[in-house]
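Here chain A shows up in two complexes: once beside chain B, once beside chain C.
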Partner chain A sequence: MTGWPSGRAHSNSTMPQNDSQESHYLSMFAAFEKNGASDSPDWLKTLRREAIADFERNGFPTARRGNELWKYTDVRPLANHVFARSDGSNHEQIDFAAYKLPCPRVHQLVFVDGHYAADLSTEPPSQSAHRAETIGHRSEGLIVGRLSEAIQERLPLVEQYFNKQVGSSAFASLNTAFVEDGALIYIPDGVSVHEPIYLLFITTGRSQVVTHPRVLVIAGVNSKSTIIQGYESLITDAKPGFTNAVTEIVTHSGAVLNHYKLQREAANAYHISSTHATIGRDSHLASVALDLDGGLVRNDLCVKLAEPGASVKLDGLYIGEGERHVDNHTFVDHFAPRTSSNEVYKGILTGASRGVFVGQVMVRPEAQQTIAHQLNKNMVLSDEAEIDSQPMLEIFADDVQCTHGATVGRLDATAVFYLNSRGLSTQEAQQLLIQGFVSEVLSAIVDDAIRQYTDDAVLTKLV
Partner chain B sequence: MLDIIDLHAEVAGVEILKGVTLHVDAGEVHAIMGPNGSGKSTLANVIAGNPAYRVTAGTIEFEGEDLGTLAPEERARRGVFLSFQHPIEIPGLRMDHFIRAGYNSVMKSREEDQLDPLKFDRLIRAKAKVIDMDATLTKRAVNEGFSGGEKKRNEILQMAVLEPKLRILDEIDSGLDVDALRSVSASINELMTPEKATLLVTHYERLLTYIQPNQVHILMDGRIVASGGKELAREIEIKGYDWLAERQGA
Partner chain C sequence: MATSNQEIRKVADEQYRYGWVTDVEEESAPPGLSEDIVRWISAKKGEPEWLTDWRLRALRHFFKLVEEDQNPKWANLEVPPIDLQAISYYAAPKPKLELESLDQVDAEILKTYEKLGIPLLEQKRLAGVAVDAIFDSVSVANTAKESLKKHGIIFSSVSEAVQEHPELVKKYLGSVVPYSDNYWAALNSAVFSDGSFVYIPPGVRCPLELSTYFRINAKGSGQFERTVIIADKGSYVSYLEGCSAPMRDENQLHAAVVELVALDDAEIKYSTIQNWYPGNEEGVGGIYNFVTKRGKCAGRSSKISWTQVETGSAITWKYPSVILQGDNSVGEFYSVALTKGRMQADTGTKMHHIGKNTSSKIISKGISAGQGQNTYRGLVQVGAKAENSRNFTRCDSLLIGDQCGAHTVPYVEVKNSSSSVEHEASTTKVSEEQVFYCQQRGLSPEDAQSVIINGFVRDVVRRLPLEFAVEANRLLEINLEGAVG
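Showing the complex of A and B:
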């Protein structure tokens, strides 16, 4: 296998020698370049080649030793599995009721096995005409549209913001190399979008496919919006699929963005996602990540509080059962003064599942008057389940207020008895205590209709 | 109603109750007094079925039924209630949801009507009014951030909703100032009926000036060493427990 033309590729001798793992993706890329990607703009073609070269050079992070970022998560099964790109075959059997948000109006983009499903996607009526007129004018209309269309139409917005904060990890590189479709969301300055923006990525599980969903969000000055990203598997006894998602978020001054993720992929699915956000002056991101399912799950969530007054609230819930493995890495970069972060991640682990939480908070020297709080709480409900929790606080400024903590516990026997003594069975008591445990995270979702949907999703899972 | 015969119980392998015998009839109020570590709370918890304690000998009968093999929720459903000395804080679980779940479990076991949230809300508001408690507290997480007094009042609210037959109140007076004690005691008295029995566990005679006991029992080192009328409590208040220990030893 030869190196791809790229300024960053060095020599073949430094590349990983295990051909069976990476070479499959390299040949898939060669085919993709000839076929699906040939009419892309030049800047994107270049980016793709650089990305595949990065992937070829770095390889999958399968080495356990000295690989700090992946030391708790073994991706060899994923690396060894051969997935195909989806051919986008039809999906008429999807019963959408199960995924419908209980909101009267919603901007909804649905992708099935990575391919846009026009029949399942909707926009509030008043917006459709509006959008058609204004796509391409970045300072005017709201854009909730397909990324592929925006690329096709040579929207300057895409080139300006795409892949500016992602870095060159193996999985993000693969996503960039194979980027095909996903969503572009642009909230113009001063605009409040009242309807939720719902991006749904469904894996059918009918064949062993890899998809690379890509989402680019630009929130304009003083804009307000709510985005929910769903990752669902159509059938539970699915063939293993691999979702390799990347989301990029930029918020400008004063923007408020609620970003919710609900991941319920199949028990044998591989779900790797990275989300990168840059938060502007006095802007606020509220992120809630709910990982309720999936076989091997790894999420990287990186937030850069880039300008003074930027703030972020990060809430997460992960549920592990059976043999599942769920790994959350979060990184909050306090880059500017007067920035604040508040993070609460909670895990419930049963069976022989394994959870990982690594939460890094960096306060740079110039980030004075920073407030950073981080908490990771875990409920481990079986002897075989396991959690590795690693908070990492790096503070280089002196005028800061930072706390962090991690707890691992079982259900409190005294609390169970308290509930028993009021007539509740032990099973009912445990359920109520677990619901109480997760409610702090669920209540971070402030939109009632979405919260109703996510509460149901979580409670169904916990029963 | 409650018949305890030669009850022995241990926690973590240490024997705490060393042969307690006690009879409480419907309509009666009994007070259990004793110094710290004498086994008062253990007795209260063992009757309610706390699995942290192990009964090693003796029996507890409630309305003629042996409680020994019954899970704590089964006891609660039959009408046994324990007001906790230290009520548990449960972040994230709303008070009214919690009491309703308990109430409906009890009703279900008796094949009586369960209440939907709306009807239950009416019930709990009425009960809160009876015990002079701010009903908005029931919208908060169970005991989270409650003051000592609010926690105790909250226990009484749960009792008011569940209407148990046997009311075991474990140091209901601890952490209450005089006004709160008077008010909580008034609620306990008001909720008392001839079909119910009350077991008061306390350190201090003061509580018994508000809630009149039919009998006072002194528990020391896991045994009841003296029983009598409320004048016994008065005597303890003046002379302390030591004279009883000496009498016991003599």
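Showing the complex of A and C:
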């Protein structure tokens, strides 16, 4: 009953557990280095080697006492599972209608089992630049393209921004070591991109595949753009897959970026993702993360408000059912004065699912006149479900306004009764109340077309 | 802002007012920790074999933890290495005489209490407070024992209780905080010197506020108090603990354990004022306070309430907690923690909801000034069978000066759908608007800050028993009003 974990709290407290779990990835890396990655630029080869060395040294994180970051999430089932990299052979026919955004124009990149699907993607705007051989001027134009191509063509942008914010966590290291493809998005200074940029990562579930999608977003000065990242499983009775995604975002002065994530992987899928954002002067990031599915889900979202006036809005919704485990870690780092953050994460847990929310807000000594608000609300709808919520404030400045809150409860019986008395059945009343509960998060999506798409996704899930 | 800067400087410069050393002959154990020392302490106190064995088991467990480096490091504290072998684990004033009246108490000791502002002679007259004065490790005076005896209440030192009521001590010692609980509890279990033992028989409402003053006095001696309070069915007791230690240059270790047991319908109210020496402006010296306090609401509809005002110690590591085992039981935690200078506090509570319809309430107020670091760390755990349990947590932090830090680290773990848990926290400084508003009404900026801070802690301070408020107000005045005018 000691309750508190002992041991190191914040150090890289990952301990090697079982050699064989890591060695599988090490031998996979050796093969990858020989075949897939041999024509990479030298800086990337070095980075990959450092990353795999990091992974070898730290190993998979353990949920043992003392490891605060992985206290509530046990990744042993994932570590014990043997996944293979997909060979990238032609994918089957995919009925894309289910994933189509309801808007006429969209920049769309689709990856199936980690490999680019040209037939499902729109022609990247960077293609024309490719053809015109204007690589030197590339930075002047919008880029929504494959990361692999950008790497191959030695685009300076990639070397400049790639892996600059990602720490040495086990999974991010693994992603860096195996980085192959994903998206590079560059919004030039002063450009407003009106069409949503849609990145879709589909797992077919035909075999036990591990993918390491990587996305790099650079929003130029005073630019404006909307990005939606989807993670989907093609079939529900799929073989377990492992998606290990890393997204890096840099916004420059005055940039506004809407970043939405919709995760609907199979019930036995492992989804580990980390998103790292650095927000520039007077720039704003609006992030909405919707975790509607997946077996073992762990998201790390780290936002650094690096320059004065930077602000971020973080919204999240996680739905747990069955035996699922959804873990959201967010970290907002108020690094500069006059920064603000506003975070609302909501969870609905049924069945024997388990939800975890750990939200850390740090205000550094220099970050005076900071405003930080954080709220985590959870609805537990069954006795087998569990929620662990840990909102944290770490404040080193004094001229601040910071609040956080966490609630756990069930549906308000009085509210249900009220609706009953107006003629709604108990089931209808419950549904209405749950829809009301989630609408605060959903309304954070300002783009109408995307809103319609995500609303549909959430409502079908809740029915 | 100029004035408030001056105020901040005042906080930092505020001298520890209770620093002095009393000259009393000591009978101490040689420094060091070993099985022999533990046997020596146990023999010194004439303890039965089972207790000696228990201490030795605890010591072996502690050595194992030391070997495995299980010294808790997760707290937001920078703890300098502590040389456990350099500490003397037992210090007692002169061999005890039979004390029937206060006249027989050592004049030096009485003078110490007078300096503390709570002379024992006055205590007898004051509002019926019974004082079990613990001077270093051995109980030297026990004022209201006779009147408590009438009600069948046992209020004595643990050493006496071991002799007189071995069956009760054996039953309850370590029942809430086992020696294997944590690093510091293991050390305490091995070497605990003395402490208070309270037993309230069924149906008795303790007529007095029970009070103990812990003082650390002997140079170089750590103090390892062990307090056990049992409230039998339907009884009520309010226990007060206040601390103040003399000024020292070297750091002193304090690792106390407090165990509370409330049976059916019983209520225990435990209040603490802690004002140990916090070290000087450079952070030299000061008490290291590693305390394990835990109450068990073992019976139905029982209640345990912790109230603490923490204004001292260089390092505070303290999480008074409640195990809500009985159905309908209630746990409460009210805390004011002040850090200034280079003080560090990592404190909070744990509420373990196990029984049905259990409820808990946490109100924590942290004040950080100077370069102080103040962390609230709290756990609310609702088990699968704790139907309809409720928790409300409110923790606020106030920042004075731009060098300090305030941190809030709550843990909420819920495994039950019918329970409701609410946590809210805020961190701000005293806003210029508030000060301006008060100034408009004729208050000086100092008075304005003082009013605002007094309002900030009021929710907690008003929970303290009236009899204790004399001491509480005095300590708060020295620390808070000195800080803000």
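Just so we're on the same page, the second predicted complex is superposed on the first by the 430 of 463 C-alpha atoms of A that agree within 3 Å, B and C clash if a C-alpha of one lies under 4 Å from a C-alpha of the other, contacts with A are read in each partner's own complex, and residues count from 1 in each chain.
Here is the rule we use: contacts are C-beta pairs under 8 Å (C-beta built on N, C-alpha and C of every residue); 3 or more make two chains touch, one makes a residue touch a chain.
Computed from a prediction, not measured in an experiment: that's the story for all the values here.
Contact with chain B, but none with chain C, is seen for A:Tyr418 once the two complexes are overlaid on the shared chain.
Which of chain B and chain C touches more residues of chain A: that partner is C. Contact with neither chain B nor chain C is seen for A:Lys100 once the two complexes are overlaid on the shared chain. In the superposed model, A:Thr426 makes contact with chain B only, not with chain C.
With both structures placed on the common chain, the touch criterion links A:Lys45 to neither chain B nor chain C. Of the two partner chains, chain B is the only one that A:Gly436 touches; chain C does not reach it. Chain A uses no single residue to touch chain B in one structure and chain C in the other. Residues of chain B that touch chain A in their complex: 48-52, 71-73, 75-77, 81-82, 84, 87-88, 90-93, 97-99, 101-103, 105-106, 109, 141-142, 158, 162. The residues of chain A lying in touch with chain C in their complex are 1-9, 66, 68, 365, 368, 378, 380-410. Across the complex, chain A meets chain B through its residues 412-415, 417-426, 428, 432-433, 435-440.
The touching residues of chain C, counted against chain A in their complex, run 70, 72-74, 76, 181-183, 319, 321, 323, 350, 352, 377, 379, 381-382, 384, 397, 399-429.
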